[in-house]
Each structure stands twice: as C-alpha cells, then as structure tokens.
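Presented sequentially are two complexes of chain A, the first with chain B as partner and the second with chain C.
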Partner chain A sequence: MIPIPEVNLGGILPALVLCLAGLVVMMLGLFIRRGAVATAAVVSIAGVLIAAAANTPLRMMDKQAFAGLINLDAYTWFFNLLILISAGLTVLTSVRYLTDDGLDMYEYFVLLLFASAGMMFMVSANHLLIVFVGLETLSIAIYVLVGILPSSKKSKEAALKYLLLGAFSSAVFLYGAALLYGSAGSLGFPELAKYFKAGQISRMAYVGMGMVLVGFAFKVAAVPFHMWTPDVYEGAPAPLTGFMSVGVKAAAFAAFVRVFFQSMLPAQMNWIEIIWLLAALTMVLGNLAAIVQDNIKRMLAYSSIAHAGYLLIGMVAGKEAGPAGMLYYLLAYTFTNLGAFGVVALVGRKGEANVMIDDYRGLAKTNPFLALAMSIFLFSLAGIPPTAGFVGKFTIFSAAINAGYIWLVVIGVLTSAASVFYYFRVVMKMYMEVPETQPAELQFSPAMLLALGIALVGVLYIGVFPTNYLNLAALSVKPLF
Partner chain B sequence: MVTLQHYLFLSAILFVLGAVGVMFRRNLIVILMSLELMLNAVNLTFIAFSRYLGSIEGQIFVLFVMVVAAAEVAVGLAVAVAVFRQKGTVDVNEINLMKW
Partner chain C sequence: MIELVWLIPVFPFIGFLINGLFGRNFPEKVIGWIGALSVGASFVVALGIFLELLGMPAAQRSVQKIVFTWILSGDLNVPIGFLVDPLSMVMLLVVTGVGCLIHIYSIGYMHGELGFRRFFAYLNLFVFNMLILVAANNFLLMFVGWEGVGLCSYLLIGYYYEKQSAADAGKKAFVVNRVGDFGFLIGMFLIFVTFGSLNYLDVFPAAQEKLTQGGLMVTLITLLLFVGATGKSAQIPLYTWLPDAMEGPTPVSALIHAATMVTAGVYMVSRCSVFYAMAPVSMTTVAVIGGATALFAATMGITQFDIKRVLAYSTISQLGYMFMACGVGAFASGIFHLMTHAFFKALLFLSAGSVMHAMSGELDMRKMGALSKKIPITCTVYWFGTLAIAGIVPFAGFFSKDEILFFALVRNPAFWVLGAVAAVMTSFYMFRSLYMTFYGESRVDHETAHHVHESPPLMTVPLMVLAALSLVGGFVGVPIFEGWHRFGDFLAPVFAPAKAILEHGHHAEHHSVTMEVVLMAVSVGIAVLGWLFARWMYVTNPSASDKAVEKFGSVHTLVYNKYWMDEIYDALFVNSIVNFSKLLWKYFDEGIIDAIVNGVGSVTRGIGELLRWLQTGLVKDYAYSILLGVLVVIGYLVLK
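Moving on, here comes the complex of A and B:
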C-alpha cells in the first residue's frame, strides 16, 4: 500500500484563487471582442480581493503543508498580502495605460495573476525546489509581460535582456542548489538547517551557498548583479515596471531571507560579510548612477537598486529586528514605488512619449494634485518624515546599529543624503520651472485615481502611525527564528 | 571505474562551457543553446548526487528543471522571433537601443 499524503489545499488557497482568476480572464478574453481590458481588470481585482480574504487565516497558522514543502505561517501571510496589494494596484494603474495605447490585451492581466501566484509559492517555500518553481513561474510570466508592447523596440529588447540574464542567474542558482543537495542530502530547509548546525560544512556546500546567494542577488538587483535592471525597467511598460520593482523584489527578498535565516543561520559568519559588501556596493553605485540619469524610469530603476541596498542592511543586521525592519520597509516601498510609477505611467501618455525628467517641468501648474502626489512619493523614497520611507529607513538603520554595523549605517545615511539630490531635482522641475510647450490635458481614469489615492494614503498613514505596522512586521518574522 | 567525481567534473565543465557561451557568443540562438547546456549540466549533477546518496529527491528536482527549461526556451525563442521581426537580426551586439 502506498500511503496517500495528506493534501490540504486550504493553505495555498490564495495562490489557487489567483490562478483561477487568471483562467477565468483567459476564457472571457476569448469571447469578448472589444473592451476585454476592462472586464479582465474587474475579474482580476475580484480575484485579488478573494485571495486576500482567503489569505487571512494564514496569519494565525504556524505549520507545514504538502509533506513539509510549504510553510503556512505569519511570514507567508505578510508577503502574500504585500504581493496582493502590489498586484491590485498594478491592475488599477494598467487599465488606462493599455487602452490609451490601443492595446486590448487581456493576456496582460492573466500573466500578472500567474506571476503573483508564482510569487506566493516562492514566499511560502520550505524547500529549495518550491523556491525554484515559484521563481520561474513568476520570471517566465514577467519576461513575456516586459515584451508585451507590440510596436515598441525597447520593450522587446528589454524582454530579451531580462530573459537571458534571468535564465543565466537561474542556472547559477540551480547549480548552487545541486551542490547543496550533494552536501546535505536534501534541499528541505529543516534538513539544510540540521546540516549547517552539525558544523561539518564541506567546501562544496560553501560554494553552493555562494551560488544560491548570487542567484538571489540577481533577482533583487544587488550590485554587481544589477546590470539588467535599468534597461529592463526602461523598456517595460511603466505600470509593470512598478510591479517588478515592488512585487518581484519583495518576493525575491522574502525567499532570500527565508532561505538564509531558516536554513543557513549557523553559517551566518560566512555569508554576512558578503552581504555586507553587496549592501555597501549597491547603495553607493545605485545612488551615484541615479544622479546622472535624465530618463525618469531609468532614474527610478537605479533608485530601486539603491533601495535593495538598504534592504540588504536589514539582512546584515540579522537577529529579529533586521528582517522585521525589512518587512516594514518593503510595505512602505510597495505603496511608494507603485504610486511613483503610476504617476510615471500617467504623465508618460501614449507610447510613453514623456518619460524624461524634463517632461515634468511645470507639472504643478497644470496638474497640482499629480505634482503633490509625486512629490510625496519622492519624499518617501528619499526617506523624509512624515512619510513611510523615513520610518522604514530608520528601523533598518537602528537595527544595524544595535547589531554593531556602524560603518554600513554610515554609508547608508551618506548615500541616502546624496539621493535627496536626484529626487528633489524632479520636485524642483515640477514646481519651479515652466514647460516649453503647453502640454495637453492629462486624463485621469477612476481606476488610476483610486490607485494613486490608495498609494498616497498608504504612504502617509503607515508613515504617521507606524507602530501597528512595525508590530505586525515583528510578529511576521517570528516563524523564521 | 567511473566515480562520482567523474560525473561532477564533467558537469562542472559543461556548466562552465555553457556560461562561457552565454557570455561570449553573439548569436541569440547559440546563447539559448548555451543556457540549455548550463541547465543540463545542473541536471547531471543532481542525478549523480541522487545516485550516490541513494535519495530520489535529486531526480524529482531534475524533472522540474526540465519542465521549466522547456517553458523558458519556448518564451526565449518567441522573444527571439519578435526581436528578429523588428530588427532583422539575432546578433545581440545589434540589439542595443539602451545602453547596458
């Protein structure tokens, strides 16, 4: 008799709901001739909301499912929620973008939902196989999404570059996993943890660990594995760029932290130095390169690289405070960056004609609300109170100081001071300068207005009243330790 | 006698060959082939360890890698076709609208 393993689909219900919503959109798309985008968006939003409801029980759980392959705990709950927020906001910002460009493509939403489902598997993994499958599910969907603009050469080029480098990094990650498998005999996190705790770590395991680290560093766009980021962010459709900089990054960081803290903590002394270096390089290079950009999407791409550096500080700080700071930071960053990219999508207009920083000249005159919203998002990215970005940076930096990494914090503070320069340049252009030509009226769609409103409220609310959210973040990292 | 080390060395060599191919070859199709070579080198490592350790886990991993590699190469070729239609070339040096 072969024992039949207990199958409990309840735990992965949020991901299943998203997959189902994706399938429904796909079927509907076949039957609707015109206006498929609007229907697809409505179904996607419904899917995201139902998935969020299905996600709530996870908060109280702390167990494994599927023969120990999947973790159902508060950490999974937190990141599922984060992914759902970013997917929902991306759907809202995408509708008008697609219809303005005359792209009646429901496939966009299908792929977005499938990518989100992949991310959910990735954050809940308790085995490197699940990390890999989730990673690839999300990556392959995103490769297609990046190249989805039919007439844009940049979009195709970005898809190509992302695909080649993404597949390359996956191969490196896999080779690392294979070497770890050879050393530990299994790739489940509990087994890996047991192996690393036993203390007799082979050289092969160290190499494997390093290669897995490189694979993750690619996905979170840490210097020196960041080369793809500016090009891909520039070429991809603007709302999707927001999704990549937030959702994909959050999922990659979630798995990164889970793998290294849950299974490799005893070898911490060995990987922490490497991450220290990655964090320092990422902050310095990301911020310096952002200063010289004149395309706003490229600037935000380098800014997102720099933010990966700040997040890595949280990993270096370790204990519980570091990862908890990262969780809060990622939540703040989700609202901030999706809002900023929403504005970029809106100002960009048809075919992204206006994506230069100069195109923001005089925006405050023609569109005061939009200029104010963009300023608040940029303040939050720069880390200026009372926005959420400030509290995020503060918690991560203080965690690192408590852990004794003073120099890393010094680099962090100096580079974020430098970052104020390029964020404020955009604000200056919006408020102090006048446009050369009279720009056409910007058209808000209700969905875009809703998305910007949610992002704005999110940035300010969790920035002014951070206590609940900090507690939530601290609670969510408990299962890791 | 073929030992575990032989398999590991072979797969390491294949992996490095694939990586070098991705980095230095300029034809898109060849790059995609090199990526496949890297993934198959990983598969070989998994199988060798699986046999050596007497555990089935590595072989299951290989099945997943094969599925994912197939999906990835399908998307890769689709993107290559799309790029070729727009640019008339699959030379990655010519695909440089944006600076790296």
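Moving on, here comes the complex of A and C:
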C-alpha cells in the first residue's frame, strides 16, 4: 500500500491565501472596467494582511509537512513575513505608477501575488525540487512583470534578457540538482545532509554542488553572474525593480542559506572559499561600477549587487551569527531599498521621464520631506548610523571578524567607504544644486505616502531599537543548525 | 544631577527638530535664539553635573548612565549610554560653552543670509552629534557621533553651495574623512574581537589582561584608531581638507573647524590612553606625526594672505601640538591645550568673521590694514587671541603650550625642537596677520572703506567673553606650585592607568623647578622673538616683506638680503622657509595630496569605466560570463 503523505494545508496557508487573492483579482478584473487597478490593489493588500495573519503560527513551529518536502519553522516564518512586507509595500508604491501611465493593468498585481507565493515555497522548501518549483513560479511571474510596460522598448528588452539568462541559470541549477541526486540518491535536505556527513563525497556531487551554487548566485546577482541585473533593473518599472531587489533577492538568499547550511554544512570547507571570492568580487565590482552611473535605477542596481556582496559575507562568517546577521540585514534592506525605489518611482513621473541622477537637483527645495526621506534611505544604504543599514553592516562585519575573516571585512569596509561617494552624490544633488528648469509638481498618492512612511519608520525604528529584531533573526536561524 | 546627563545632547536635538521641521515661518531672531538657548541649556546642565562631580571623591568621578540597550545580540551588547568622568566633562563644557557663544554670535553674523534656518538647524544637529561623540560610554556610540559630526561639517562647509569651490570643499572633507573612518571602524572591530565588548568600562580595565605590552594587536588597534584621528583632526597626511573647509561660514570654521570637531581625534586618542601607553610604536608615531604637523602647518601659515587660511593652518599646527602631547604621554596637557585652544582659536576665527563683516566679506589681508581705529573692539580681542596663541604670559596659550614643550623635552629633545621652532613661526604668522590687518597703511579700497563699521553687540559680546577666557583660561593649570595645577589634578584619575604603564620600570621623572622656569623663559622668549620679527617686517619696515618675497632667487637678492640678515638672525633661513613652504604648499598640498584625494574619485571612476565597457548589453556576453563562472567554480571544486 502506498502511504498517503500528510497533508498540512495550514502550514502553507500564507501562500495559499496569496494565490487565492490573485485569483480573486483576476476574476474582478474581468468585470470592472474602470479603476481596476485600485480595486486590485485593495484586494492584494487584504490578501497580504490575511496571509500575514496566517503566517503567525509558523513562528512557534518546527516541523516538516507534505512528506518532509516543506519546512514549517521560524526560518520560514521570518522570510514569509519579509516577502509579505516587500509585496505589500510594492503594491502601495505601484498604484499611482500604474494609473499614471494609463495602464489599467490589474494583471500586475496578480503576477506579483503569484510571484510572492512562489517565493514562499522557495524559502520553506526542504527538498531541492521544491526550491526549483518555487524558483520557477517566481521567475516566470517576474519575467512577465519586467516586460509589462506596453510602450517601453527597454522594458521588453529587459524581459527578454532576463528570460534567456534566467532559463540558462535555471538549467545550470537543475543539472546540478540532477548530479546531486545521482550521488546522494535523494534531493531532500536531510538525505543530502546525511550523504555529505558520511564523508564519501564523489566528484559528481561536488560538481552538482557547484552548479547549484551558481544557480543561486545568479538569482542573488553575485559577480560574475550579475550582468543581467543593471539592464533588467533599468528596464523594469521602478516599483517592480524595488521588489526584485529585495523580495526576490531575500527569497533566493533564504533558499541559498537553507540549502548550504542545512544539507551541505559538512562540505563547508569546499564552498566557503568560493563564496568568499564571490563576496569580494561582488562588493568591489558592484560598488565601483555604481560610481560611474548617471541613471539612478542603474546606480541602485549596482548598489543592490554590492549589497549582495555584504550579505555573502554573512554566509562566509557562518556559525549562527553570520546567517542571523543576514536576516537582520535583509529586513533592514527591505525597508531601505523599497523606500528608495518608491522615491525613484515618484520622482520618475509619467513614463519614467526623470530617472537620471541630475533630475534630483534641488529636490530639497521643492519637496523637503521627500528629499529628507530619500537622504535617510541613502544613508541607510551607505551604512551610516543610526539607520538600520548601519546596524546590519555592523552585525555582519562583526560576525565575520569573530569568525576570523578579517580581510573580507577590510574589503567590505573599504568598499562601503567608497559607496558613500555615489550615494552622497544624490544627496548633494538634492541639497546643494539648483534644477535647470522648474520641474512640475510631484503627484503624491495616499498609498505612496503610506508606503514611504512605513519604509522610513522601519529604517529608523529598527536602526535605533534593533535589539528585538536582532533577537528575532537569531531565533529564526536556529532551525538551520 | 549626573542622572540627567542624557539631557545634554537632547536639548540641541530638540532645537534642531523645532527649527528644522517647524521653523519655516519663524522670524530670524526666534530661530537664532532657539538654536542658541538649546545649547545654552545643555551648558547649564553640564555645569551642574560638573559641580556635582567636583563634590565627589576623585576616585569615584566616573559615572555611567545607561539610557537603554541599543544593540543586544549574542556577545554584542551596546547601550545608548553616557560616561561622565573628568575627561568627558571637560569636553562637554567646552563644546556646550564655546558652542553657545558661537551660536549667539551667529545670530548677528548670519543676519539676512539666505537659509538662516538651515544654518541653525545644521549647527544644532552638529552640536548634538558632537555631544554624543564625547559623552558616549562605548566606541560604537562614539562612532555614531563621529559620523554625525562629519556629515554636519560636510553640509555646513557646502553651505554656500552656489559657489562651486564650497561644494568641492565639502566633498573633499567628506572623502578624506571616510579614509579616516575606515581606520576607526577596523580598529573598533579589532577591539570587539579582543574584548568581546565595546564599552569603555569593560575594555580599558581589561586592557593589560587581554593585550600584551607592545604586542601586535594593541599596536594595530592604536594605529588604526590614529588613522581615524588624523582624518578627523586634519593631521599629516590627511590635513588637506581643513584649509579648504574655510569655504563655510566663519562661525562654522570657529565651532567645527577649530574648537570642537577637529579636536575629536585628540579626545579619542586620550580616551584610549591605556591602549597607547601599551603600544610604544604607536606613541612614537603619534608624537612624530603631531610634531611634524605642528611644524609643517606653521610654515604654511606664514605664506598665506587669506586671514581665515592663516587661522586654518594655525589650527592644524596647534592640533599637531596636542597630538605631540599625547604621543609623549602627556595626555592631560594635550587636553589642556585642547581647551585653551578652543577659547583662543574660536576667538580668532570669530574676530576674523567680525573683520569680514566690517570689510564687506573681504578676506585678503593685503587689502586690509589700519583697521584698529575703525573696529577697536575687534582689534582688541584679536590682540587677546594673538597673545594667547603666541604663548605670551599670562595668556591661556602660554600655560598649555609651555606644558607640552616641557613634556616633549623630557621625552626627547627632538620633539622640543620641533615644537619650539613651530612656536616661533606661530608667533610670527599670528602677529603678521594682526599687523597686516589692523595696523600699517590702509590698503582698503575706497568703496569698502566707506562701509567699515564695528559689529553689533550680538557679535562683540561673545567675542569679549572668549577674550576673557583666553586671558584667564590658563590659570587652572599653573605649573611649578604643588596643587595649583587644578586642571591636571582633575584629569589625573582618567590618565592614571596609562601613566602607571608608562612609568612602569622607570623612575618617575624628577622635575627640577629650575628647568621648568628656564623653559618657561625660553618659551616666552621664543614667542617675543616671533612677535618682534613680525613687527619689524610689517610695521617698522613694511617694504621688507614685499621685497623679500619679490626678489628672492636672484643673486641680487642674496646680496640685498644680507642687509637685514645680519640684524635678524638668519634671514636666508627664514626666507627659504617661506619659499620652501610655498613650494611644499604648491607641490605637496596641491599636487600630491589633492591628487590623492581627487584620485580616490578618478581611480574608481576609471575602473568604473572599464567595468562599463564589460557591460556590453549583449545577452551572449552575459551568458559567456556565467559559463566562465560555472567552469571556474566546478574546476575549483573538482581539482581541490
């Protein structure tokens, strides 16, 4: 008799709620002619909130479901929450953008919700195939979203590039998984862990591990697998770029860390040096390339590459402190970067006409509060106290120093010193220069204000009172060890 | 009262919030007084705490007040907490006291300026950060203030951002300071790894247990921290931003670039006195860099014609003295000079501001002269400041500078020579600026001369208070007589551990009173020498300086120079210093150091361009890059 696996719908309820909300939006979109975007946004936000409520019980759990395919634990809880925060804020920053451009496209929200559900599977997976399924669900939705702007050629080009390279990297990932299966006989994390622990690791398994690593490195945009990032980030609608830089990146990192720490820890000596090198390259190249950018979206794209480098330091640092630092960092980064991209979407105006750094000249005169908010987001990205970004960098760097990786931290501190150069360029434009022509009034929507407000409070609050969040991060990585 | 220490930084922050957020429609006077009074309130609280501290037994004068736990994760426990001890007390009083006076002055000085509110908001934010820096009870919080003051300084230097030079100067200050911050951060991480804590009271008492005397770790930590200090306090090789920082409004130069922020490095080194005492190599480095900067910057002060630039180089030079004091183990003397310097240098800058005010913004001393009658108050207080910095008895600078020179001699006569030569020059260039500005023939152009007027009381009263402080400020540290050095005795508990380490194995030096008196006489003699020389050159024989500079280099000049070289000791020597320093200024400062600073930008820019070239936009190239990555990763894993 074939045993029927345990079904635990309660555990994946957050993802189910998001899918359901997506379906509801789709149905409503068929009937509502005008203002579909607003309705879709309301339903999406409701879905996000309900999913957040459904996510709460996971914090106390520590078990598997669906025949050991899915992890229900505090780690899943943390990342589900992070995904919901980024999805919710992205919905808020997108509303005006979509109506401004005359795109009455409720599908945008449907895809966003489905992508988020895919991410949730990715972060909770206890099996490489589930990771893959989640990854593809997420990726396909994002491919479409990147190219959703009907009138923009750049957007189309970006979507195609992302699709081609994404498919390429997925193939690499899948091939790696297949090789691992060939060696270990299973793709479940516990079985993989057993295989690696036994010590008889075949060459084939190493190759598989390397290819899986590359698959993740592509998604988190680590150098040299980052090249798609600037082009895609520049072409995609600004709010979505924000979502990709935090939500997608966080989900990819979550799975990356889970796979490597839960199932390949015994082979740490083999992968840690690769990640060390990736981290160093990513920080150096990301930061240096960002300096020469004149387009703020491209600048933030390279900045997000650089941040992937700092996050990789957390993986190198290992133990519990490294990944815990990463979790906090990702939380801080979520608020910071979504806030920054919110401002970019707002200043960009219709059709993203104003996405050059020069377009920020004199913003402090015309919109002092917006300029202040943007400055705080940029300070946080640069890691200047007392923002969340500073505490994040500090915890990751000190974890790495404690683990003995002093040179990596030296590179990190040096490159982040260089990073201030380009972040401050924007601040300088806002505060110390005068615009050449009088810009038109910015159109604030209540949703955008709410999103920026939440992001701003988040950046400052978890920066000034980080203790609870650091503890949450520390508790959330416990299930991995 | 000590419990209320957190109020000290909070007041200026409230001032910043009120002016920054709601001040849009306030009249100037209201904005200005909100700014000044918020700092004044901090001063009152600081004074109250100081009196309470004096009432306590000397050994117990170190009180920690933790407001809340900022970061608590794993081993890391960083509170938002303040440490009240004699060292932080001195700093708090100087920052709030001098800060308050400068705020009041600014109400008059900035009158009618565009962005009056912005100015006061930034200034209050600066004071807040500075107070956090000096009152923090741990390195991380100190770093918060450290970054904060840098940021405010950057914003205030670029205050007149319509001027390209001002914006550039702001950027330069920022980049240079980042280099310094890098050292601070790495040093802090190493402290954390070594001690598992960043709190002063955990770290310093455990220093001898966790670190070995003269060991690699303590040397590394102290050197890295010193890199941070050289950036913030404008020492060789990171001093170059400070003269450019004079692009900011004059009160900013007085507050940030003379009295407070630039002394943060001296404070930090003194705070870590135990570490430095354990690292002889670092001590020597600090002393050499400090002494060299003191001399080097003084030579450059001689050649400047911009009155604020003279003062800027002078500040760099005086900071060098402070570091030299720390480097020879006389931490208390360094802090003593820090305090007196805050008085007289703030005074000098503000007087210079008053001159500018009278002269419709003119800064070039060649276009001044004979102003003493027209702006008598400014002239009088400038005298006070000049006498103090030159080290004439009984002005404040005499006591502190003399003390540093004394300890330098005890440690190594070479340091004394550096300091003494710098002292002659200091006296010379300060009196030179005094005479060029206020005496001799008037070189003021007709239009400006018409408008010359004394500044309003809002400006002159703070000047008089600072002048009084420059006169009497040194009396708290009278040497020779037992018990008269109240300042040193007050600070002694803070530096006792460092002193114990330094004197370990040595006999406590016996200070012969005769030697002290002789040294004092020499110091005063040096100062007077510089004074007389300046007087001769710029009053008695005003053409001498022009001729000297004009004709130097030709054989004729050599002959001509002999004429006065015989009377004054070695004119060729002095003159070549003038030219040599010009040369240095031109090639070293503008050439090399600026190139390094700009290089930070252009090198990264170059690499960035290269990287942009890699980013072709073609999918196939991207795919190749991924493929290459895959091959490298697999190759590494298989071959390992």
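One rule holds in what follows: the second predicted complex is superposed on the first by the 479 of 481 C-alpha atoms of A that agree within 3 Å, B and C clash if a C-alpha of one lies under 4 Å from a C-alpha of the other, contacts with A are read in each partner's own complex, and residues count from 1 in each chain.
We take it that a residue touches a chain if its C-beta (ideal position, glycine included) is under 8 Å from a C-beta of that chain, and two chains touch if they have at least 3 such contacts.
Please read all numbers here as calculations on a predicted model, not as lab measurements.
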Requested in this report: Of the two partners chain B and chain C, indicate the one touching more residues belonging to chain A.
Outcome: C
Report task. Mind working out whether A:156 is in touch with chain B, chain C, both or neither, as first, second, both or neither? Result -> first
Query raised in the report: What is the contact status of A:231 with respect to chain B (first) and chain C (second): first, second, both, or neither?
Result: both
Requested in this report: Could you say whether A:402 touches chain B, chain C, both of them, or neither, answering first, second, both or neither?
Outcome: second
Requested in this report: Have a look at where A:164 lands relative to chain B and chain C in the superposition and call it first, second, both or neither.
Outcome: both
Requested in this report: Go through the superposed model and pick first if A:289 touches only chain B, second if only chain C, both, or neither.
Outcome: second
**Report entry** chain B versus chain C as contact partner of A:423, first or second or both or neither
**Finding:** neither
Query raised in the report: Now for A:178: first (chain B), second (chain C), both, or neither, which partner does it touch?
Result: first
Query raised in the report: A:433 contacts which: chain B (first), chain C (second), both, neither?
Result: second
Query raised in the report: Which holds for A:78: it touches chain B only (first), chain C only (second), both, or neither?
Result: neither
Query raised in the report: Common interface residues of chain A with chain B and chain C?
Result: 160, 164, 168, 227, 230-231
Report task. Can you check the complex and tell me which residues of chain C touch chain A? Result -> 69-76, 140, 143-144, 147-148, 151, 155, 158, 161-162, 167, 170-171, 174-175, 178-179, 181-182, 185-186, 189-190, 192-193, 600-601, 604-605, 607-609, 611-612, 615, 617, 619, 621-623, 625-626, 628-630, 633-634, 636-638, 640
**Report entry** chain B-facing residues of chain A, complex
**Finding:** 129, 132-133, 136, 140, 143-144, 147, 153-154, 156-160, 163-164, 167-168, 170-171, 174-175, 177-179, 181-182, 185-187, 227, 230-231, 234-235
Query raised in the report: If you look only at chain A, which of its residues touch chain C in the complex?
Result: 160-161, 164-165, 168-169, 172, 203, 206-207, 209-211, 213-214, 217-218, 224-225, 227-228, 230-231, 270-271, 273-274, 285, 288-292, 320-321, 324, 328, 384-386, 391, 394-395, 397-398, 401-402, 406, 409-410, 413-414, 417-418, 420-421, 424, 428, 431-434, 464-467, 470-471, 473-474
Query raised in the report: Given the complex with chain A, which residues does chain B contribute to the contact?
Result: 8, 15, 18-19, 22, 28, 31, 35, 38-39, 41-42, 45-46, 49, 52-53, 55, 57-58, 60-61, 64-65, 68, 71-72, 75-76, 78-80, 82-83, 86-87, 92, 95-100
